[in-house]
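Single-structure report; data block below.
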């Protein structure tokens, strides 16, 4: 067991080292094989591990002492339970597909860049695996920062383009902000509980040691960390820019896996959150707000990847909504389904972009359905899934989230529903403008429009299938009794927090209401889908947006605001410090002392006038003074 | 008021007057002469204190030798006319003032000291007689006496080094 | 005679010498004023020595004082010889004995 | 006693050597031999071998401390002769006479360090001063030299007057000139002795160039021929301090609380004036004059804190200071241009001189593992252990930090800047002596025991 | 005996170097000497027992001082750092031309001797001696082989630090006056009254603060780093800065615990201001050396902050970070040195796109860069983790502001990411320009040393436990000595 588990991350690491060190000697094929092969390997191992967990034996293995000073003991240990197992499958499985996809997608790169790409990708898988397998917060944090590093490297993969590297830096720094909060939370845990090991802290006894304030503080800080990683308000702006990276990267990191790290982390510490109702509400509000904001922006984007990026943000918002309403299972569920269909959509868009020769503006596309059948079909499935059409995976997970929201407060439900409708709308706006109508690109582009090679289409197909059937692991209670296998599977992880949530009075809506809600939402979604389809398949909105539209197109000017409020002032401050304060105050005082001394030297010269008479006079005066002081003033 | 007291007062006034004349007279030659006078009066005080030996030495060495030396030099440089332009007034004033203050302070400080009621024995006592001093000088004080020979040697060498044209 | 008279007298002489040093510019005069100071000291010493006699302390004490005066005169003579030599040399070079011209060296 | 008599005799010998030898080399040789003999004689006396068994205890007492100081003075003079004799020839024609005067000064030093009566103190100081007036003015053509000489003479004789007045007042209150016989008692109306003591303090301060009686120092040191400046600044000054300590540690011990305040103020003033003014100087020679003032400030600590550490420390400080200053002045004398620029690029043209100069300057700045550090260390230690106020000590180290500024300017000029070769060729003997000085400085800094163990023979 | 060797080898080797005329010979000799030191250090700290690591000889007995040196956990680590740094420095500057290199190399070795002495000295006076002995050669190196404004700048640095160390001398003497011995144990047992401690503290602290340097005593540092030859800069920042930290840990906290406690918050405030201030300045620096200099100020500030948190985690973190920061900043300088030699400039605005031309260099740089911004699995992470943890967990009796301090110090972590990545972006990424067009990748020996550095970074980052464990004893000792809580509790 010990060996298999360590192998799961080690294989990608080995892939990273091989590809990284030998990048100048490997052929593309070999690099691709190493890259995907290692991930495939760990996928198989993950299945094995999953089976083990399913059989009910949860593995906690300790490898070596990472840090051990005094009472503080942080081992380098793995913990594989149900939650981890799920994520393992998602990461390695989807990861493998995307590796496979990349072999074709990145084929135009130079060999050593090709190898470098796979090295990064493998490193990412490695860190992501550390993140989910870590048995304590520190190991998790190692992965947490590791994935941040990899996203930095991959966003800036084409490092010759300045703006790409800028985007990469932005992503890293924004993550850093979250990471600091994460760290602080860790320190609080260490200093209050003396441990960061999950099994030691996530027990009612241990947590009861924390005061209400502490627990709220810790959970909030952790959540801030999550907002950084999972692109929530206020730290979401890096994710759309992250689309600078290669499309498969967007699919893997910025849709399927890394961005869900926040959800994983909160789900992992569900008990603690269940004890902090304040934080839960805050999470719910942030989540729904992000969902709506991102969705609204997505409505007016024309870059195909941007749309998907904002949709990702909003979907993540849904997941946080779920967490906030205590529906952890729903959140994990949605992570899974979302991984399927969002990866599918990204890869599909990648295939499109591939065909269009790098063109990403969908206004220049259109009518592609004729040219690329498989891509078209799979993409459509993806859209239907994300829109939440009944029967596809998206429906189940989203419906569960909405139900949970309703259970907390109807307002959340309504807002969530609006978000869902917007999702449906922009997705089909995207679909229609891309695939329907007539081709609007240049003739030269038109000339080599073609269906992508198998290495691209196969993953699409697989993912399409998954996004269709993926939902059936979690058929809601009110449809079929006891068919929510996922819930049952995850039960051990969330059992304790369930009892905590009872205290908070999270009640689950009755089946009848759920019927109603599900019916209502499905109906509205269908209407919206049809609307959007008709609206955009004829003529896409080519005209320049104005008013609210313009506001949306410019993403509510959030980037500009951040720039004006944070970046610019800091830079100005920096200039001020280095050119004014440092020179004139800090260093100025030091030099001032020096100047003073030499000035004093210059001033003392008058005594040394060269006049004998003056010298003697001064001596006499000194004598006089001493005598006066000695005899008349000194007692 | 005994004769010695009268003599004392006369001598004192004379000394002070000639001393002041030394520093105030424009013509260097005059100040030399006034200084000689001052030395004579001081010798008078010595005699009053019954220190004949010192009185004689003072007249011979100081008034005789040294002052004549001064006179020679001044003549040699024919500074006999008052060549000295006035030092600027302010410095002079300051000099005089500070000197006065010094005097004031010292006198005020030393007016009533542990010895203030003591007296100096006048016109008696054999301490100052050549006999006594001579014996002392060549018995107990022979060491400093010899040492002063080194002083003279060096002064001599110095005078040669300085004075000789090369 | 009360010793204070002598103290005051010689202090007065001393101060006159100091004032002379301070106010005159002619090197020779300045030097003469120094001599005046020395003489005031001599006078004081002699007076003190006689005071010792009056206190009929050990008689050698009185002799000490007067011999000291003798040595002062010795030294004074030596100093004069050297000093005048220096002044003459100075005069040879700048044809002046005005100490205000001694200001090449300053600051 | 040995040293005193011999040095007087050798003085006479040197006088005549000028007549016998027309060449300079034999004169120099004679001087060196004489100095070595002198050193031997002195160390013999340290071992208790006295050539002359006279009872001079009324005026002179050659105790170990005094003898040790004589030893230092003579040794320093020997070194001085080795490095600077050739430069003396440049000063004037009376080569032999200069040596004669130097020997007379040595005699004066032996007196000043071992006086027991104010009379001998007075004579000693005069025997030191009068030849110095002459040496200062020995460069007869140079107006600067004349001026310096005359200034020195006028002010010196003035301070002699002050000294004598002080002695007179002391005599008035004590009825004796012998230090052992004096017993001071502080009671109201004891102003006579205090006034005398203060006047003595001032005149000693003058001789030791302690502020505010230091004014003659820069001008005189600057005007005098460089060789003699180095002699004045080192050996003479050290001897004066020996007398200073002897006087105030011995006779005026009882008046301690009266004068310690004034001495403390004087230390502060001296350090301040010396360092601050030195910073501004453009001529290295003049800078060294001011630096010697500031060094005097440090040596004055020995007077301020009259404890054994201080006495011991003064010996070390004196040795270190003499060695370093003689060394740097020897380097300076080799240069035609005495400004900082004169030193530019010396390390290229004259590596030995540059290196020696650097070591000396480091020692003067009090960098550890040089003798200079040890000296400063002892002075500060004595002040702190003696429980005197730490503020003064802190002030002193701040000033020491400032002093590093002007010392290192010279090092910078020598090593980090380029310039034409101003220097004249230095003889082999001089170079070796300079190296020897450096070795001594470092040895003294690294293994002080070797040196200090002599103290407790 | 080993301890003595560690000082003697570079000392004698350095002195010999002055007399080796041919340049290659001098270079080889100095390299061999430093390697020999390194080997001895390795042997000493792995094989030998503690008795071999200490040496005592009568020296200056007359001053009640003795030549006593010993290597505790902290000293050993710093000696390792020093002895590994110098070979790296020599190799990395192998092709850098120096006018009469023998003096340069000799001075470097002397500096090494001094530094090791400082780390090992167990006698206050000896400590002071080595403190200066380390300073002087570096001063000469910097102001003889530096850039055009070197003389003025390094001179300021010298006077500044000299001033500090003289104050320290006064402090040492003051305590000596109480104890009558310079031995460190005597110092530890010197029971100064709180009142005395309050001001004696500053005599020591100023010396250390100037050396480290801590805001606002840092103004000499960027200029000096900029003007010095890179070899000098390496010594200054990689090793010399640690002298100050070591001073705090070994000579200040245990000796003056009460004052250290009382002034704790003041110092912490200064440190935090320093961290943020330096980081913000680093944002807009164009000269790589200046940027690294300011980043170094920020890092040191964090160490200083942690020292005054006075708990185990913080101490362990500080000691670990001393090593980590030494290695990382050394790597940074090596890269800067290579770039400057290749392209003749350190201005980021003039560089760019080096990644295309020198991928290997780029990889090394980014590894080091991420290490210096404390990415997990690099050495700095462990250090900063422990330090910040300690700061946040500071005993409320020692300081009430642990939480605030941790957060504001943590900003440094974010900022460091900003400016270090900015540097990486401007220098290595982007399109090549006319200047960098003709760039080539690094030579083998450069690969080798950078490889060593990176290896050290990763190994100590993945498995820090070994190093941390070696600090246990000294940490406990310092904790025990600097513990003032009993005093406080009995007072209330």
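Here the chain labels run A, B, C, D and E in written order, and each chain numbers its own residues starting at 1.
Basically, contacts are C-beta pairs under 8 Å (C-beta built on N, C-alpha and C of every residue); 3 or more make two chains touch, one makes a residue touch a chain.
What you are looking at is a predicted structure, and each value in this text was computed from that prediction instead of being measured.
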Exercise for review: Kindly list the shared contact partners of chain C and chain E, in label order.
Suggested key: A, D
Check your understanding: Along the shortest chain of touching chains, how many steps lie between chain A and chain C?
Key -> 1
Review point. Chain with the smallest distance from its CA centroid to the overall CA centroid?
Key: E
Point to revise | Chain pair with the most C-beta contacts | key: B-C
**Study point:** Rounded Å distance between chain B and chain C, as computed from the means of their C-alpha atoms
**Key:** 6
Practice item. Can you check how far apart chain B and chain D are, centre to centre, with Cα atoms defining each centre and the answer in Å? Key: 32
Exercise for review: Could you please state the distance in Å, as a whole number, between where the Cα atoms of chain B are centred and where those of chain E are centred?
Suggested key: 72
Exercise for review: Return the distance between the CA-based centres of chain C and chain D, expressed in whole Å.
Suggested key: 26
Study note, to complete from the structure: Two or more other chains are touched by the chain E residues 159
**Study point:** Touching two or more other chains - residues of chain C
**Key:** 3, 7, 17-18, 21-23, 25, 30, 48, 51, 55, 67, 71, 75, 78-79, 82, 85-87, 89, 99-100, 102, 104-106
Check your understanding: By residue number and range, which residues of chain D touch two or more other chains?
Key -> 119, 123, 126, 130, 133-134, 137, 140, 151, 154, 158, 169, 172, 191, 195, 218-219, 405
Point to revise | Interchain contacts (touch definition) - all pairs | key: A-B, A-C, A-D, A-E, B-C, B-D, C-D, D-E
Exercise for review: Give every residue of chain A touching chain E within the complex, in rising order.
Suggested key: 64-70, 72, 112, 138, 141-142, 145-146, 149, 152, 156, 159-162, 165-166, 169, 172-173, 176-177, 179-180, 183-184, 186-188, 190-191, 570-571, 573-575, 577-578, 582, 586-587, 589-591, 594
Review point. Where on chain A does chain B make contact in their complex?
Key: 613-614, 617, 620-621, 623-624, 627-628, 631-632
Check your understanding: Which residues, counting only chain B, touch chain C once they are in their complex?
Key -> 4-5, 8, 12, 15-16, 19-20, 22-23, 28, 31-32, 35, 38-39, 42, 45-46, 49-51, 53-54, 57-58, 61-62, 65-66, 69-70, 73-74, 76-77, 79, 84-85, 87, 91-92, 94-96, 98-100, 102-103, 106-107, 110-111, 115-122, 125, 127-128, 132-133, 136-137, 140-141, 144, 148, 151-152, 154-156, 158-159, 162-163
Exercise for review: Spell out the part of chain D that touches chain A in their complex, as residue ranges.
Suggested key: 151, 154-155, 158, 162, 191, 194-195, 198-199, 202, 206, 212-213, 215-216, 218-219, 258, 261-262, 273, 276-281, 402, 405
Revision key, fill the gap. Listed in rising order, the residues of chain E that touch chain D in the complex are 59-63, 128-129, 132-133, 136, 140, 143-144, 150-151, 155, 158-159, 162-163, 166-167, 169-170, 173-174, 176-177, 203
